[in-house]
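Before anything else, here is the set of structures, which you'll find just below.
Both of the next two complexes hold subunit A, though its partner changes from subunit B to subunit C.
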Partner chain A sequence: MMWIALALIVWAAAFALNVFLVRNKAPGVGYLVPVIFGLTLLFVWEGFVRGFGISPVLLPPPSAIGAALVSKTHILWEDLVQTFFKGALSGYIIGCGSAFVIALLIDRSPFLQRGLLPVGNFIAALPIVGLAPIMVMWFGFDWQSKAAVVVAMVFFPMLVNTVQGLQATEAMQRDLMRTYAASYWQTLVNLRLPAAMPFIFNGLKIATTLALIGAIVAEFFGSPIKGMGFRISTEVGKLALDMVWAEITVAALLGSAFYGTVALFEKRMTFWHPSQRH
Partner chain B sequence: MRNILPILTVVAVIVALWYALAVVLNAPWAYSKAERAEQTLSFSEMVSDTMAQKKPRLPAPHQVAVEIWETTAEKKITSKRSLIYHGWITLQATLLGFAFGIALGIGLAVAIVYFRVVDMSVMPWIIASQTVPILAIAPMIVVVLAALQVDDIVAKGVISMYLSFFPVVVGMVKGLRSPDGMLMDQMKTYSASASQTFWKLRLPNSVPYLFTSLKVGAAASLVGAVVAELSLSQNGGLGARLLAGSYYGQTIQIWSALLSAATLAALMVMSLGALEKATLKRMGMAA
Partner chain C sequence: MTDPIPSQPETADAVITASDLNLTFQTNDGPVHALKDVNLTINKGDFVSFIGPSGCGKTTFLRVVADLEQPTGGQVTVNGVSPEEARKARAYGYVFQAAGLLPWRTIGGNIRVPLEIMGYSKAEQADRVRRVLELVHLDQFEKKFPWQLSGGMQQRASIARALSFDADILLMDEPFGALDEIVRDHLNEQLLELWGTTGKTIGFVTHSIPEAVYLSTKIVVMSPRPGRITDVIESTLPRERPLEIRDTPEFIEIAHRVREGLREGHA
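Showing the complex of A and B:
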């Protein structure tokens, strides 16, 4: 009972604090408010799990997850290397790279563009992750099959975005390039690729989460005895949910970091775009 | 309509590539079979064998088409081998989760637009929530919910909801904020109350945005339901067909389940598109 009451009090206090901060436009409020909200959430979770005596088999408290994070760092690191650096990242680079190159090729034919955009949009909405068992059959249990799933998942979103981005220049700008007697490549490098950057980065950002999901889900269908997906499915079987949640935390941090890195590059390279100039 | 020809070309190219890949991938097995039977295969014999293997590495498109035909039209829909039966199970979970997702999404969007605290404290977490690879942890959520005696369909729906609420929130926040200062001032000069402004200005203005997000969300919630079924396979569904197919090496079954999931997604997006067109026309907002 104590814990529940405490959790509720903290919740109310934090909410009041946030309201106060927002009203008074305190400095750094943009970071402070969400952080306070997140910490409150964790505390309420801890309080409720303890107060209601929820079994750790169902929902472990954050403190237990934290303990697992600290005590099993080496396992988590090994899984991370296997899943992220070997599976997701290599697939991400191959998939996005080939989609980019193919988009450049398609761009030269308006006929293909018109056909490919609707088809690509359609395929991008499909449950491609369902290819995972097939890829595992084709490429074996190790990271190659995970990379293949990731390639299949990121390819079409990236392709569609790049093709759209390459169309983003205005007729006036293209005419200007023509009056300069610019060659195809000069126009591409100096005008159309920069103009396509916001779209390309949009594709790259969407692909970050897809890559991580693809690599983890593919491990459910067979993997060597390491990897985040492998660990999640086996630890669920052992009812060691604190470890599962620790993997989830790592995956969430990893996903955010991956996304954040791409977003940072975007900020650097498309500083001129209206959406980046607040 | 002028896009029909290019689209058909692209689809034809994809099918042709698929056939070519099927020949390449299935050829080793065709040769090794022939070797054991002490025959030599001519090229055309090899090609025809790759099109008709029982467990090919990559089934040819027509094999998948035949399988889909046999498991939809020629089976009773109550049969456990009918794709329509499994598709219906998946669709139920998808629609339930999608409905949850829409409700949650719109509710959150309204709160975000009207309360600055909610906007500042929740919005960053909503965005962060999508970097969590939820599909990867779906099995655990499903197991936990099953332990809490929640119905299977609700457990699947929760995953669908998680995937589909995000596009709805983002689209609705944008939509509810889309009326510009001029329109808001106009409402003020009418001395409209907050609820009148909401029902008569903000909500109608957000409808086009809502439909765009719904189309994204529908596909996402189907993916969620299919993946959830990978861990809740005892009751069937397209995800269960996928899993069973991968256990027994029934590649044709895997591909037919995949293609029917794709068809389901396409049908949902198309019917939403039709609904969008009709609604916007009646609201006088048709493009």
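Showing the complex of A and C:
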């Protein structure tokens, strides 16, 4: 009972503190308020789990998750390297890179546009739970099969966005390039690629989350004894839910950081776009 | 109906000639005669305005000269060669209805686009950018982005861009159509000044009678369905033209003739 009371008191106190900070326009209030809110949430979670005696299998307290994060950092890091850097990132680069190149080819040829876009769509529609075991058969248990799943997942959104982006120029701007007697490549580099950038970055951003999900889920269907997906599936079996939550925490932070990095590049490269001008 | 315009004799300094030019667009609603039997000669140093209602083919004519549309009949020469060869020789600069500046490049960067494509050296590029920006009075704005400038300034920058590679011909498709009257007057004055100093041959499409009369040495009046020339008026105004010239009887007389030509075309 004491934990519940404490949790409620801390909640009310933190609420009051935030209101106080906002009213007085304290320096750094824009950062302080969300941090206080987040800490309060964790504390209330902790208090309720303890106070109501919730089984750690259902919901471990944040302190247990924190302990797992600290005591098993080396395992988490090893999993992260395996799943993110080897599986997701290499698949992301290969998938997005090849989609970009094929988008350029499609753009030059209406024949390919009719032929390849439906194929891309077809691949995107394949269920990952069917695709992953096949990729494991083809490419083995290690990260290569995960990268292959990621390639299949990110390829289509990247392709569609890039193709659309390459069509985003105005007829007048293309005419202008024609009056300069500009070559295909000159027009591409000077006009069409820059104009396509907002679309390309949309594809890249969507692909970040898809890549991480794909790499994690693919590990459920066979992997070496490391990796975030592998860890989640085996720790669930051992009812070590604190470790599962620790992996989820890492995945969430990683996914946000990945997306944030791409968004940062986007901001720098498409500063001229109305959506980025402030 | 007016009498057909006799094809004019080709003179030695003809820059653009069109003889029996026809262009028919095939649309879902049947063929559209954008240009029918157009004959015209534009001489070196001429300032020629094309005026007429929408659909009279004035823009289409300019686009044919620029090799942006292909005629379905007749002959066009630019500098004595076909429009395609002239385009590849970068014989003209084209100014569109909208400025069409690339938003990811600065004003200076936009003017460098044609220069980069045409392979000028870095030093030459910088030199030319500075020169044309001075010409259109935008020298303070080289480092600004297009979206930081007003519409009139953007259009001036697009004119600077068309001037940057020193083509002898300037083709302008309603460049001031979207601007207000005051800015327009100002840009008209500047354009005349520029024409005076550079001696370029200018083809200028407009909706406005005063603009056409004020700017041109020759006014081509066109009418729609099918797009054709109904009158070609040689201006008697001197080349030096202050804005006040628009109140002189001579100016009003020419404007009247243009209006008559437009009305006839409509009947």
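We take it that the second predicted complex is superposed on the first by the 231 of 278 C-alpha atoms of A that agree within 3 Å, B and C clash if a C-alpha of one lies under 4 Å from a C-alpha of the other, contacts with A are read in each partner's own complex, and residues count from 1 in each chain.
We take it that a residue touches a chain if its C-beta (ideal position, glycine included) is under 8 Å from a C-beta of that chain, and two chains touch if they have at least 3 such contacts.
Since we're looking at a predicted model, the values are computed, not measured.
Legend: residue contacts after superposition of the two complexes on their common chain; A:191 is shown touching subunit C, with no touch to subunit B.
In the superposed pair of complexes, A:102 makes contact with neither subunit B nor subunit C.
In the superposition on chain A, contact is made by A:176 with subunit C only, not with subunit B. In the overlay built on the shared chain, the residue A:273 is in contact with subunit C alone; subunit B does not reach it.
Between subunit B and subunit C, B touches the greater number of residues of subunit A. In the overlay built on the shared chain, the residue A:127 is in contact with subunit B alone; subunit C does not reach it.
When the two complexes are overlaid on their common chain A, residue A:241 makes contact with subunit B while staying clear of subunit C. Contacts of A:59 after superposition on the shared chain: subunit B is touched, whereas subunit C is not. Looking at the shared chain after the overlay, A:42 reaches neither subunit B nor subunit C. Every residue of subunit C that touches subunit A in the complex is listed here, in rising order: 66-68, 87-90, 92-94, 96-98, 100, 102-104, 113-114, 116-118, 145, 147.
By the touch criterion stated above, subunit B contacts subunit A in their complex at residues 2-3, 5-11, 14, 25, 57-58, 116-117, 120-125, 128, 130-137, 139-140, 143-144, 147-148, 216, 219, 222-223, 226-227, 230, 239, 242-243, 245-246, 249, 251, 254-255, 257-258, 261-262, 265-266, 269. Residues of subunit A that touch subunit B in their complex: 15, 18-19, 22, 29-30, 33-34, 36-38, 57-59, 111-116, 118-119, 122, 125-127, 129-131, 133-134, 136-138, 208-209, 212-213, 216-217, 220-221, 228-229, 232-233, 236, 241, 244, 248, 251-252, 255-256, 258-259. Touching subunit C in their complex are the following residues of subunit A: 170, 172-173, 175-182, 186, 190-191, 194, 197, 270-273, 277.
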